[in-house]
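The two complexes that follow have chain A in common; it is paired with chain B in the first and with chain C in the second.
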Partner chain A sequence: MTNIRVIKMGEKEITKAIEENQKDSFQDFVRRLFKNKAALAGFTIIMILIIVAIFAPLIAPYEYDAQNLKFFLRPPSKEHLLGTDEFGRDVFSRIVYGSRISLQIGFIAVGISLLIGTILGALAGYYGGVIDYVITGITDIALSFPTILLAIAFVAALGPSLVNVMIAVALVSWCGYCRLVRAEFLSLREQEFVEAAVVLGMDDKRIIFNHILPNSAAPIIVMTTLEFPKAIIVESTLSFLGIGVQPPTPSWGSILSSGKFFLYEAPWISIVPGFMIMIVVMGFNLFGDALRDVLDPRLKE
Partner chain B sequence: MDQEILKVNNLKTYFFTEDEEIPAVDGVSFSISKGETLGIVGESGSGKSVTALSIMRLLPVPPAKIVDGQILFRDEDLLKKSEDEMRNIRGNRISMIFQEPMTSLNPVFTIGRQISETLILHQGMNNKEAIEKSIEMLKLVKIPLPEKRVREYPHQLSGGMRQRVMIAMALACRPEILIADEPTTALDVTIQAQILELIKELQEQLGTAVMMITHDLGVIAEVSDNVMVMYCGRALEYSDVETLFNNPKHPYTIGLLKSVPKLKGRREKLHAIKGIVPMPNEITSGCRFKTRCEQKTLICENKEPPFIKLGKSLVRCWKYQ
Partner chain C sequence: MLKYAIKRIILAIPVIISMTIIVFLILHLAPGEPIDLIVGPNVTPEVYESIRHKYGLDQPLIVQYFKFLGNLFRLDFGDSILQQRPVSRLILERLPVTLKLGIAGFILSVIIAIPLGILAAVNRNTIIDYTCMTGAMLGMSLPTFWFGLLLLYFFAYRMRIFPISGYGTWKHLVLPAFALGLTDAAVTARMMRSSMLEVLGQDYVRTARSKGLAEKVVIYQHALKNALIPIVTLLGMRLGWIIGGSVVLETIFSIPGLGRLMIDSIHSRDYPVVQGSMIVLTSAIILGNIIADILYAVIDPRIKFD
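Moving on to the complex of A and B:
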């Protein structure tokens, strides 16, 4: 250990190098992401949705539950941009507030199912054997029920409320992540870099979460962006069926549902929330696809 | 030089399948001193890699089981260590590099992060110190522009560079032993020479003991001090490198050396040892090499030769009785 030449870099230089590194890679990431026009479109839709949800009270001209029975089923006009519903409530305001529900369901339900699915899938794929057998069995059973039916069953058991809808959506959608993550782990755990990590003295927890999981990030992200709109749709469906978010809280699904009786007289009540669901679902899909392309280091030019 | 770091006594690693037991490593003993390179040479299935994995305690149990023997690392028996204690030793005091540099690095992290992780894990460094040390390690393994490379991903490096990075990772914590399991097999010849040169140089600088596993006698000649020739789970010859090449004793070693193509002289048909390596559990009595030996006698059939001391070497052959 005598004649190793130790290069001494000043502390400042090192810090600068690290900072530059982080800045560079982030800028590079953003640049490559938004070179894709679809990503830009998707991102814009998502950002608008988030802004609308956060600033709903400022954007909406009326309260979502403000009734004015004198002006029921009015077509779009200056006072009511998207007309009114059967109780004379402003449809535009209700849709604006409804975005909050969709986002909440999206983030929380997807977050919960992502957490459950990833952890179970990782354990099953990494350890195999009995653990894999049990977890795969539970997943298969859960998958054998039709999604909506299972969600309805959960809500029926728990009682209709926003929280219970989130739980129901999470409980019907974790299986996809579980299967995906398990499959990823099955192939990744045989890779040499995992063996190398073992040889370097790392424990299972570190190998699972710090080494294998980041390698399966790309498909998980794609899946999440596909699950996000699905969660929104399941919520809309439950609300449409009347067992989701309870009135007067507006959800796009329940607005759409309430408009179905007046489809001829007041089609705007149903068309706009349906259109919103479509746009938002498309936005997440576009963004997710582009994100996958960018996050895969092998696709870097 | 004579400070013994690793001493393996009568190591027996068997694999147990449903209806048979396969003695992959059957009573192997050797020792490595500080700064020494022990070359382990043998054909596929001779138990070289199993020996290495037994030392690291990385064989899946079951089917593998170390049924007997001792692995003394600085006078502590590794076979008696708990999994936690072993984790502390792996990558920190005993390191290993493999033959697959192309896939042994995690594709989603920069190489700087991968080298630093070991340092953070084993040496308790903070992020900045670890990056600084990583750059130093990259410089040590002669990667040009280490300050830039430290931020690059594995796919941006060539095979030879990746093997250098692997070596940097393995040596980052200044291990006492480096186990190199065919580190140059996947590389082309010029890069092979560079990597071997690098391992030798680093060994001199850092005083690391190296256990070089290979089937390439050229590699052995290049780097080793002592050589152990393995066949079918047994050591057949154990001697210093010069004696082995100038005066090979065991018929198997002689056969192996004859099968190396020569650059000079008349070109002749290359010598081959006839037959194939038997399964380790096929031969239950007599010399392991009896099925392929050209100098076989009656005693070879029935009784296995012990190690016979001849000068500086140990040979397992009745010829020298």
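Moving on to the complex of A and C:
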């Protein structure tokens, strides 16, 4: 019976059936993911961060750079929920705006490294030979550098600024993607569906982007979720050391950095941004861990 | 065995060479001529040129690089622009401080992480496991510099148990070593747990249990030894993290170590010092990784030496 039905199905019905199947498996994926309480907690934290970053001007009661020297280092009060800093700026507002910097660094820096790493990894894994040899060599060298020292070196050379921090973070984190994508391509290249695509005469570009890459999406997504917190930590460390995002731009690391000089008189300036960094980093770590367990059990530590 | 060690060391050569290139380029890509710091704006072009010549900055980049490389072999990093002293002397003064902090943090991390990892694995999916792993997740997400500041505020400023800053007695090292060790322990504990879990699922552990051996003997005499093997490589990899962490903590606790020297020199644009300390710190990490790899091969007979 079923056979006859399949034969009778037109192209439209088949597409519809496939779409429904995909919808089901996506719902199943979401259900499995959020059965894990840690994933739900992580996801909630990330969502709150994104909402705060988007609506920062509505949430923050003051401008992030509005100075009022009359309110020099005031402790938390009704007017200033988290007190004020050495320029009388509202710490709460600065932290709210700081969420934008963290997200920006995360998206742009991780995005650049994802792009560089994926392209290089795909080239190495797909073509092999000399290309693979050269790219793998560079990746191995880059991977043996200590991340934070390399980032410090780049920023020391480029000078401290938000853009340079993003470049530094991207330059120290592409190699993980490259290694991962290369390994995926090496194993997927041998699969039948790729052979079929080759036999059908598709060009390399189409095989790489339409056939192999979508099949290695899962580990790439997992890695991206786990790269985000690393980028935020590197940015805040550089900013804390005074060689990252510069004042008056309110990155959490730079707020903390200027707060460290008033740690004893005004501990609120340093304690809250650090706490925010921890929560957000934890959110991404929890979500990434859970995502890995569901999407790609092979990657489990 | 020796062959493996030699091969591993040869593999590190391109890494070291590219490191020297990157560090060398820092000086030359950096905005502004470094000698502007020494000469000030009011010198005649002749004097300016003679100083440029003295530091070799008038030569082609490639010549400068090979001179730089040649000097490195003699452990000569040039002179500090600000202090007018050999950089190697400055580094030698500061290195022991960083080593002490790093080793203290490292030991603390191992002491905390290994037992916690075992505890979590042995009591898998119980409240003990969840507590340990929640703690590890917190520790992993804790920014080192913030944790350092918290410790400083509460234990040094509020409770006055430890000195606020400076260096000299062991008491000065307690808080920074703790900040370093605890955040590092989180990663190691997670790794220890999964390594132990993997070993506990192996056939020989099942055999040991079915022989009727006590659970303690199974865990501590049969499983632990093998579960520790992958941890060795991890500890080598964590060295970079430990050193990165001490750079930050030296700044917070005003500890006169190599990391602090490097950051201060970046701020004052004293590039020979930046280069020298960067090279020493990075080499230490690369060396640590080599040692860990060789050690791994020594203790794990499954690794082939070819």
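Keep this in mind: the second predicted complex is superposed on the first by the 247 of 301 C-alpha atoms of A that agree within 3 Å, B and C clash if a C-alpha of one lies under 4 Å from a C-alpha of the other, contacts with A are read in each partner's own complex, and residues count from 1 in each chain.
In this section, a contact is a pair of C-beta atoms (placed from the backbone, for glycine too) under 8 Å apart; a residue touches a chain by one contact, two chains touch by 3 or more.
What you see is a predicted model; the values in this text were computed from it and never measured.
Residue contacts after overlaying the shared chain place A:Pro75 against neither chain B nor chain C.
Applying the stated contact rule after C-alpha superposition, one finds that A:His211 touches chain B and leaves chain C untouched.
In the superposition on chain A, contact of A:Val198 is made with chain B only, not with chain C.
By the touch criterion defined above, A:Pro61 reaches neither chain B nor chain C. Residue contacts after overlaying the shared chain place A:Phe240 against chain C, while chain B stays out of touching range. The contact surfaces that chain B and chain C form on chain A in the two complexes overlap at residues 300. On chain B, the positions that touch chain A within their shared complex are 56, 58, 86-92, 95-96, 98, 100, 103-110, 117-118, 121-122, 127-128, 131-132, 135-136, 139-140, 147, 151, 153, 155, 166, 169-170, 174, 205-207. Here chain C touches chain A in the complex through residues 12, 14-15, 18-19, 22-23, 25-26, 29-31, 137-138, 140-147, 149-150, 152-153, 157, 190-191, 194, 240-241, 243-244, 247-248, 251-252, 262-263, 266-267, 274, 278, 281-282, 285-286, 289, going by the rule given at the top.
Remark: chain A residues 1-7, 9, 11, 14-15, 17-18, 21, 24-25, 191-193, 195-203, 206, 210-211, 214-215, 217, 297-298, 300 touch chain B in the complex. The part of chain A that touches chain C in the complex is made up of residues 137, 140-141, 144-150, 152-153, 156-159, 229, 233, 236-237, 240-243, 256, 260, 263-264, 267, 270-271, 273-275, 277-279, 281-282, 285-286, 300-301.
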